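After this come two complexes, each holding chain A, first together with chain B and then together with chain C.
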Partner chain A sequence: MSNAHPVPFRAILRHVLLITGAALMLAPFIWMISTASKPQTEIFSSELHLIPHRFALMENLREAFAKANLLRFLLNGVIVTVSIFVLQVMVALPAAYALAKLRFLGRETLFALVLFGILIPPQATAIPVFLLLHKIGLLDSYAALVLPFTISVFGIFLMRQFFKTVPDDLVDAARMDGISEFGIVWRVMLPAAIPAVTAFGIFSVVAHWNDYFWPLIVLNSEHLRTPPLAVAHFRNNEAGTSYGPLMAAAMVIIAPLVIAFLFAQRRFIEGITLTGIK
Partner chain B sequence: MSDGSMTIGAAVAPAGTTRRTLPAHGSRRTQAAYALVTPAAALMLVMLLGPLAGVIALSFTDYQLGAPHISWIGLANYQDLFADKVFWTALRNTLTYVVIVVPGAVIAGLAIALLIQSGTSLRSLYRTIYFLPVMATLIAMAVVWEFMLHPQFGLVNGLLRGAGLPAFAWLQDRNTALYALCAIGIWQAVGFNMVLFLAGLVSIPKQLYEAAEIDGASSGWARFRLVTWPMLGPVTTFVVVISGIRSFQVFDTVHVLTKGGPSKSTEVLIHTMYTEGFEFFRSGYAAAITVVFLVFVLALTLIKSRLADRGVHYT
Partner chain C sequence: MAQIELSAIRKSFDGTDVLKGIDFHIADGEFISLVGPSGCGKSTLLRIIAGLEPQNSGEVHIDGRQVDGIRPSARNLAMVFQSYALYPHLSTFDNIAVPLRMRRLSAIERLPLLGALLPSRRAKERHIRADIEGIAEQLDITPLLRRKPGQLSGGQRQRVAVGRAMVREPLAFLFDEPLSNLDAKLRVHMRAELAELHSRLKATFVYVTHDQAEAMTMSSRIAVMMGGELIQAGTPAEIYNEPGDIRVAEFIGSPKINILPGRIRKDGGVDVLGTTLKLTCNAAAGDCRIGVRPERIELGTGPFSGTVVHLENLGAEAFVHLAVEGTGSRLIARLADVRHLPAMASPLAFGFASETVRMFDPAGKRIELRVEQAERVREPAHV
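Presenting the complex of A and B:
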């Protein structure tokens, strides 16, 4: 039969393999939702079952929110990621425009430094940046979470590549209308670059929402915790005793990005694989 | 890097503007250019290039956070480091992690991309599912994995027991902990690699497959060997290197799940650096570890640009 109908057979095999793989990929998510929906007694039973006998999602969520100030931590995540992105754009866009469209002494050197900067992994600069923030007394603050990331060499590179494709005529027309170079960046280039800025925004927000290393280093105070730190602390305080609320907390922390991703998956994939063009 | 903006600028300049007036425009524009790049250049210096030079310089000192003085001790940190068993354990574990996660995540990513691309139905659904782990906060998912790997109540051991196989205390056993972390690493990285391979596959011209077919490459394997694989060369190199760099940076799962244990079996470079630098505040010593880490990461980057130079360029 498979010889008589090679195409359907191959199509079925494709789906069987992909569905098996998909089950492996989704297993942690399904297990998380399942555990978050179970009462304590069902979680601590050796008998495996996916669907809870008694549905306890609301109890677990309520307990998670009672034990940790999850709303505050989510708000911190929003404050930090949005501040980082806005500042990154404010710093990177003018520089990218100058690198793409203006001539000045040192342009090639600056661009070479930008390319070099892309190669530096974030962990490499952690100790000196930490010492610097310690010196100026900014540790354990929103500033400590945001400042080091206001410069995105990758963002400069990306926007410069994009601006290169914007016709010079557009820039010259703006100049003839009397718009200053600074005005051109925000009134001509930014509107033309919205798709690139959006992709970069997704890249930046996802990276910093999920970042654990840097907040772990610079934060002490509970009220400043970002979502990943919050989960880690929740786990350290509760592990081994209340898995239901812990899984519920994990669900809450990953929910914003996952929901946004499901609504705009093409844009998200584009944005996150931006590193693919480095 | 030659740039035609000046000549074009001159061509469309309003009538009556002679070449002699251009420098005035030019210099005003040049001033604007400096004003526009100054914030970025300054921040780059303070947050990136300065700290990079700083970490190298620190690695030759005995600096400890809060210590009243700092002195140049030459290579002493490196001598201590290379004499320290923990460092070699961390390096060996990091390399083991890289050597397992890179091939795992690259081959799986390629296989999934090929499977998705080999048909037309449900493409975007599959892509979404496989990409989901890339999106989800790794720390939250690490905590979920920890419970999945729970010796008594976890899903993995439950399934193993159901199949009559022996169960393990995955993260608490020094013989399995690193491999469990590798599995999480692969699970998280596969979707990212898949998307890069998908982009590579889409960009292969259809005519090449038609030409191969005319030349007698009728089986799927022959088409893969003669067209797909060589055409994916540059993408594959890139995916391998980026996976390598990311695996070298492994930290999150280690810190939240094992803290390098049991008995240092999951100690990795960045975790050692974190412990020395931010728990014991031995900044100089931690800087030396950072430099070793940097050497490896930059070597990978160098390999990539080497390969890219002599690599296949069809597009």
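Presenting the complex of A and C:
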């Protein structure tokens, strides 16, 4: 019997390590849910307990929605992330197609510049971009949140790598059939690259939904706030931070991402592994 | 239907000459095979005809019209690719519809949602549907119209690709090794289907392949390319029986033609493996090479002797590999009667009729031979 189902020591060790890692990753998340479910008195009590004695999630949620226009901030988040993603795709796909499938002088140099662009952190260009937006008078607007991110070098790189795997014959067949070069991008390459676009979409939406740095810099008006900014404003120096509603609001703003992940879990994993296997 | 005229086509990639001046005329309704080893430039030539690749110099005329610099789609040719190149996200029906929609619908009518509402589009779509159903009927793919390429077998995809080419009624069909992704059995079957299709459509077919069997069985004419040059063009029988170059002789025919070292004497006689052949030629004295097809070698009698080193019995025929005595030469003989196979390692005499000999100079060019009268009793030589 032991021969039929051996449980190798290494497998046990592997799982113990993985579970420990997962627990470490999940701990703050679980603590957030726990705090969001506790009444104010329990949060500040000296004893540590995970399960609240009195379940106060609904109260905290109600207070969170009452204190701030959470729905508006969620809508802002959707407007900004969707606009960014759509514009990124509109820029990245033609660029990636040209870099992957067209032959022209300086293509390799351009691609090297794209790779170079990946190395530059957004914080490094934040001040020049801020000044630029100030000059054209776009600060404190949706445009200020969206425009700086429309050209994603990472997106161009990812799509270019994927387009490389699309057979040249398919492009040639499209040319024989009379499809124009832009037509090839949208009618042939885009449908073939849906997994890659999904993967890129996940990266892009997660990054910009959670972005705190850039909205904090360019926004003043409350009605334009994106979800992370909104949560941060629950911190109140004068009245003391009310952690219960803060955590409840945090739960609300990450909920869309978590739900999206649960629905698109397989796509998500496909997308992440995509660049590795192709 | 069209004739295609190629004149002085040259092409180089990164300083390497891929095509070194190709002149070729393809007549209306011909089935031309461009055949040659990989890297000989045959696919590049096809892509130049299609307009997918610009040539460095030279001209392409289709039906008398110069097409250089004209977009592939405007040349009105259809191409079938090795990988079939079907659009993976579209059904068989939509795949075949693409060239028609691109040609018949205006840009507005092609718009995803809005276009479908236009009444003019609906009328055109009805015609397109009728055309596609007709093609599907002919190719026997009607039950596959709603499936996606991923759900089709290799042979079915092949047929859909042919359907997509046929539906636009092009001036000529270009095939780029369309059968090389199929298994051996299906390949033989599709060979017959394509040949049938050609005789039914009576269109010009230009067919690129590295498989000499495909070229031999389907084409009305074969053009053999080597190293960027077109070295011989002719009917399959001409290419097989009268190769103008030793590379053509070696490339066409399976198993390969037997090449033996020979020597031309001062008086024009030819010595091979220590025996003088009953032939003469006008070439200068010196080394030469002698080619004899495996099926022309007669086993059991003859002035030469060898040892059987390997036997391949295919059931209907057998191939006997012989090591020729006294030299390092090997040759292969085809045996039609497999019931009387020689034993392995046994000595065997062999010979061949003088008129079956094809002789080549050291550079590989054909040398004309005259068969001595005494040998011409049985059949006239076609030399």
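Just so we're on the same page, the second predicted complex is superposed on the first by the 231 of 278 C-alpha atoms of A that agree within 3 Å, B and C clash if a C-alpha of one lies under 4 Å from a C-alpha of the other, contacts with A are read in each partner's own complex, and residues count from 1 in each chain.
Just so we're on the same page, contacts are C-beta pairs under 8 Å (C-beta built on N, C-alpha and C of every residue); 3 or more make two chains touch, one makes a residue touch a chain.
Values in this document were obtained by computation on a predicted structure and should not be read as measured data.
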First (chain B), second (chain C), both or neither touched by A:L71: neither
Which of chain B and chain C A:L216 touches, first, second, both or neither: first
In the superposition, chain B vs chain C on chain A residues touched: B
Touching partner for A:P191 - first (chain B), second (chain C), both, neither: second
Which superposed partner A:L115 touches (first chain B, second chain C, both, neither): neither
First, second, both or neither for A:A264, with chain B first and chain C second: neither
Chain B versus chain C as contact partner of A:M176, first or second or both or neither: both
Touched partner set for A:F104, first chain B, second chain C, both or neither: first
Doubly contacted residues of chain A, that is, touched by chain B and again by chain C: 169, 172, 176
Touching residues (chain side chain C, partner chain A) in the complex: 47, 50, 52, 71-74, 77-79, 81-90, 98-99, 102-103, 164, 176
Sites on chain A touched by chain B in the complex: 10-11, 14-15, 17-18, 21-22, 24-29, 31-32, 35, 43-46, 48, 90-92, 94-95, 97-99, 101-105, 107-108, 110-111, 113-114, 117, 119-121, 123-132, 134, 147-148, 150-151, 153, 156, 168-169, 171-172, 176, 180-182, 185, 206, 209-210, 212-213, 216-217, 227-229, 231-232, 235, 239, 243, 246-247, 249-250, 253-254, 257-258, 261-262, 265-266, 268-269, 272-273, 275-276, 278
Residues of chain B touching chain A in the complex: 1, 3-6, 8-9, 12-14, 26, 29-30, 32-37, 39-41, 43-44, 46-52, 54-55, 58, 65, 108, 112, 115-116, 118-119, 121-122, 124, 126-141, 143-148, 152-153, 155, 158-159, 162, 187, 190-192, 195-196, 199, 238, 242, 245, 249, 251-252, 255-256, 270, 273-274, 277-278, 283, 286-287, 290, 293-294, 297-298, 301
Residue ranges of chain A touching chain C (in the complex, touch as defined): 167, 169-170, 172-179, 188, 191-192, 194
